[in-house]
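There are two complexes below, and they share subunit A, which is joined by subunit B in the first and by subunit C in the second.
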Partner chain A sequence: MSEHLLEVKNLHVSFRNVVGEVKAVRGVDFYLDRGETLGLVGESGCGKSVTVQTVMRLNPEPPAVIKQGSIVYDGVDLAKLDDKGMRKYRGKEFSMIFQDAMTSLNPTTRIGKQMKEMLRAHRDISDAEAKKIILRMLTMVGLPNPETIYSRFPHTLSGGQRQRVMIAMAMSCEPSILIADEPTTALDVTIQAQILEVMNKLKKEMNTSIIFITHNMGVVARMADRLAVMYAGQIIESGTAQDVFYRPKHPYTWGLLGSMPSLKGDVPERLMSIPGTPPDLFDPPRGCGFASRCEHCMNVCVNRVPPETEVAPGHRVRCWLLDPRCKTAVKPPIGRDSELIPGKEDA
Partner chain B sequence: MQQEYLLEVEGLKKYFPLGKGRTLHAVDDVSFAIRPGETLGLVGESGCGKTTVGRTLLKLYKPDGGRIIYRGEDITKVSGRRQRELCTHMQMIYQDPYASLNPFMTIGEIVSEGLEINKIGANRMERTAMTYELLERVGLSREHANRFPHEFSGGQRQRAGIARALAVNPEFVVCDEAISALDVSVQAQIINMLMDLRELMNLTYLFIAHDLSVVRYISQRVAVMYLGKIVEIGKASEVYVHPAHPYTQGLLGAVPVADPDFEKSKTYQAMVGEVTSPINCKPGCRFANRCPYATEECRTVTPDMKAVGADHFVACHRL
Partner chain C sequence: MTKYILKRLLISILTIWAVATVCFFLLRLLPGNPFILQNPLDMKNAEKMMAFYGLDKPLWEQYVSYLQSLLRLDFGYSLTHVGRSVNDVIVQYFPITAQLGIQALLLGMPIGMALGIVSAVRRGGAFDYGCQIGSVVSTSIPSFVLAAVMQLVFGVYLKWFPVSQWLSFRHTILPTIILSLGIIAGHCRSMRTLMLEVGRQDYLKTAKSKGISNVRIVVFHQIRNAILPMITGLGMEIASLLMGSYIIEKVFSIPGLGAYFVTSITGLDYTMTMGLVVFQAAIVVFANFVVDLLYGLIDPRVRIV
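So, the complex of A and B:
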């Protein structure tokens, strides 16, 4: 029996439209334990949002279809529930902070009213209690004059202010899983630091589990206990934050860590970047999703999906370079404790 | 004649009335200048007025005070045809790629719309070819032209927004958090791309962002804003190495580093104190509430900009 709070297995999600089928998520496995933060990073368009929105069953179905897989939460396979069945989980057990705050706030309703309605839909409290909680949450996320914010409309707030309203809203329900999809992308670093602290505090005090999507490797380093790196609809490397930052094994992870601009040192002419673009998920590649951009690509990579190799306990990588039959030795270009990946003799 | 500056902004003000006699001072007496081909980075707290500065420059908001001078011409009050002409010279890439793309148009239509309106390209076929070229230039493919915004990821939409802005061949571009929605590897590609386009199309940028490490790569000069005012402005190399304003110092100290052991052991010195409200501002330094060095003078007298080095100005009483 699974001990995990949430376990996603072999999840496949597609979008069907007139032209065909976008295979956005192509076999994703991950789990989440109580009180831990899982960081989810990866190329734009690789399926991070679709993955977590599928967990909450927020993608309109159709066009979205769960083609395969299970999402087991507290003994129940959410993938099999209908909308009505899901309703008792959403908001209450799972809360989500969206990437695009503007489209998730109702433009015609004042902030306070929206928050109150949402809160009272999930918790049995009085109007006055709800207001008190909301004002406390608005203060907690660092908004000045919570009283005025309470009576304003979303469009009169700045991007970052809206985002903080969203965060306050999601956290006021005290969910057991908080899914944060790039929650601090719109914020300056001092407020970001404040919000990350708020989330960490919530996690400690209420033993909340967090799935944290971001493309900021600094933020992930601060927040994540474990880390999953996605590319073209698959998790290509996962492990503890230390595994992935200090001993990365997948060529895409190397590129990702390498393109991170830094605050110190010389400013190079150009930033390091991974050439090329990710594959079109209408017609995903037969083999490794990264093959067309990978400088170590071999014949086998183009033709067959790399199997998952467990390089250390809990550190899993999908790359042919790590297969016991691979003869090429590679030196990872990045990572504090990286060692040569030796090529092995033909087995 | 070649002007020294492409764009000069003097004492720019934008106030939003909130009713009941309350006014929100979104941009309050902001001055700066940008040389042709230069990139000025604009960083600062969320809600400090960066987007409002950008929108006011492009006249999407009517300024409540100050002057905007473009190539020596005072454009603060121009309207009508001249204003429409200026619109093709000055473009904006928006912070929110979701809200800024028309959901009922395909990406191809969105990009070619600007071409059509400004009569760029001889016929439809030529415009289609130009649209494909623009899409490819920003790292999308021509197959994407027939898809609608909701079918794209955040990053892909942002690329589309950049393609749309570049379609009319602008000379000045306000990039408002243009890359915040992108993952680092694409961010790096887009920064490199924006730098190439700067050379190629002779562009000048006002680069709004809150990620200081990104701004450092693309900007020659940086301006730091706090609650409607610029508190520090100078050469990027100066500001990053010798930040003089306490807020700039706080910002630089709060940037998270890509090193989990370091980040988790760091006890982060959060800037304490309430963020001052931008409504009905009183005189005094607006950072005083959160500043560890604030004195009585800071709370009552608004500090002026002072030179602290070559091309490096700071508004702080301590200096």
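So, the complex of A and C:
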């Protein structure tokens, strides 16, 4: 059907509770090709983690419910599988590393045993073979003396070492997609760089695709081929990393990029910040989710959800400013080629 | 490891000594003396008896000699049960009390923990609600009411079990069940809470992301970690159960230590009270000592090498 490795279409995920439902993901489309890294960025609570955890169906269901949409991987719609059917995808085709490496490993089980458990769940191999693979993986992620690490308990390792173990474990079944949910947020900056390097190295060696979640634009710039910016449960802008970084079209993306400190000469007095808070997804706004915080907000923004506009091949933006009927010209405060928005002002 | 054990042993002995000392002086602060309580008019004999047991000597002298006999593990003679040593009483009645406590724990703990685990896994289901209600009900009904009702139903009407006494294993069943109900309720509730707590941990999500079976996730990752805090409380629990339940022993006419504990205090039986208190302290200290050693085997984070 599709030539993409993974294609998520119109995904809606809600969390049901006693009083109603929180619409955490409200119509997300994205795809991932073999060997590429997709960066998923957005602030806390925008639904990035829920989206990727839904791909692996890790959210406890209930309370999570997939309201509609499809997650097609290898011709199979994962959204329709039951837990048992999902099991052969988890770990084998998809694997995941989490934000807090300190708490992502079982504290009472030795590293080797935790890694072996996953290998042996998916591959029919002997104990000795599994150990060989694990030792090789531990070496690949740059851990010295893997033999000792193998028989150690997580609490004897540092945060960086644990994240390396997590990566080694996640990659041990040679998955086609690695989902990294803010893998470096809890680490200090020097370790961050090393971890990113390890991920990039393994990705090349194993031809794995990565979905990289972060709210750190600097990190995503190092990692991602393509970017998707999420806000209030929707992807509001997506495109190649160049497109989004240098030719951002959505006011929220401008805010996100503007709030990133730059190491280049022209340091502004203050970093830009976006006033206000994201909408309550228990009762999401009728129109654009960003409308209440957007300085270019128009009447239509409040009342109707903006359609997706393809401004360049593969560069899609959900914003009324790009509608041909929009007469306002806005100059983006950020981006390399600061061109007027919209381009078709005279239309 | 040896160093740790030696250190713990030393602390244990100091703890027992402290308990003995505090208890010794507190008891002597109580007004009256044991022999006057037995026969209030006979002052002359009471004084004789005091002299006979050495209770007329200065307090510090009594204290020193008490500690000396304690070193020989001799708790002395009872002041109210003539001709019986405290050691005799403990040797004769402690096994009964301990048997009741251990049976109740062995019955209650696995059942309680299993119920807690199933409730947590099927959270929000009918089973979960049933367990919650059951544990609240069984902890709020006083054990003597429950005991009386069960004696009536199973002993008098159905005649399945003897109503009271402690003669054969059949006699132990009813009191064991009643004593274990509280244990079941407590363990069920705390195990459920701990399971849910562990269920929210990141490593459980990691486990799920590995694609292993749910049974494996629950058994190897969730239960294993949820059980750790339960073990911490086990030392105190064992200790309190070994000393039994005075109420249940009373209701079922079980000749256990409980009755001696109560009557020795009201009767100012210094040696008996002291002996039982020191004995209980030793059990508490020892049980916690063993639990701490075991804890290291189960939780690598506190393992002492």
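What we mean here is this: the second predicted complex is superposed on the first by the 310 of 347 C-alpha atoms of A that agree within 3 Å, B and C clash if a C-alpha of one lies under 4 Å from a C-alpha of the other, contacts with A are read in each partner's own complex, and residues count from 1 in each chain.
By definition in this document, a residue touches a chain if its C-beta (ideal position, glycine included) is under 8 Å from a C-beta of that chain, and two chains touch if they have at least 3 such contacts.
This is a predicted model, so every value here is computed, not measured.
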Subunit B versus subunit C as contact partner of A:Q161, first or second or both or neither: first
Partner chain in contact with A:M272 - subunit B first, subunit C second, else both or neither: first
Touching partner for A:Q194 - first (subunit B), second (subunit C), both, neither: first
Partner chain in contact with A:S95 - subunit B first, subunit C second, else both or neither: second
Partner chain(s) touched by A:L256 [first = subunit B, second = subunit C, both, neither]: first
Subunit B versus subunit C as contact partner of A:P313, first or second or both or neither: neither
Greater residue coverage of subunit A in the superposed arrangement, subunit B or subunit C: B
Touched partner set for A:P324, first subunit B, second subunit C, both or neither: neither
Footprint overlap on subunit A, where subunit B in one structure and subunit C in the other make contact: 100, 103
Subunit C - residues contacting subunit A, complex: 201-203, 205-214, 216, 220-221, 224-225, 228, 298-301
List of subunit A residues in touch with subunit C within their complex: 56, 58, 83, 86-92, 94-96, 98, 100, 103-109, 117-118, 121-122, 153, 155, 166, 169
Complex contacts: residues of subunit A adjacent to subunit B: 15, 17, 19, 22, 41-46, 49, 99-100, 102-103, 142-145, 148, 152, 156-161, 163-164, 182, 185-194, 196-197, 215-222, 224, 241-242, 245-246, 255-257, 259-263, 267-268, 270-274, 277, 280, 282, 336
Subunit A partner contacts - residues on subunit B that touch it in the complex: 16, 18, 43-48, 51, 95-96, 98-99, 139-141, 143, 146, 151-156, 177, 180-189, 191-192, 195, 210-214, 216-217, 240, 250-252, 254-264, 266, 268, 270-271, 274-277, 279
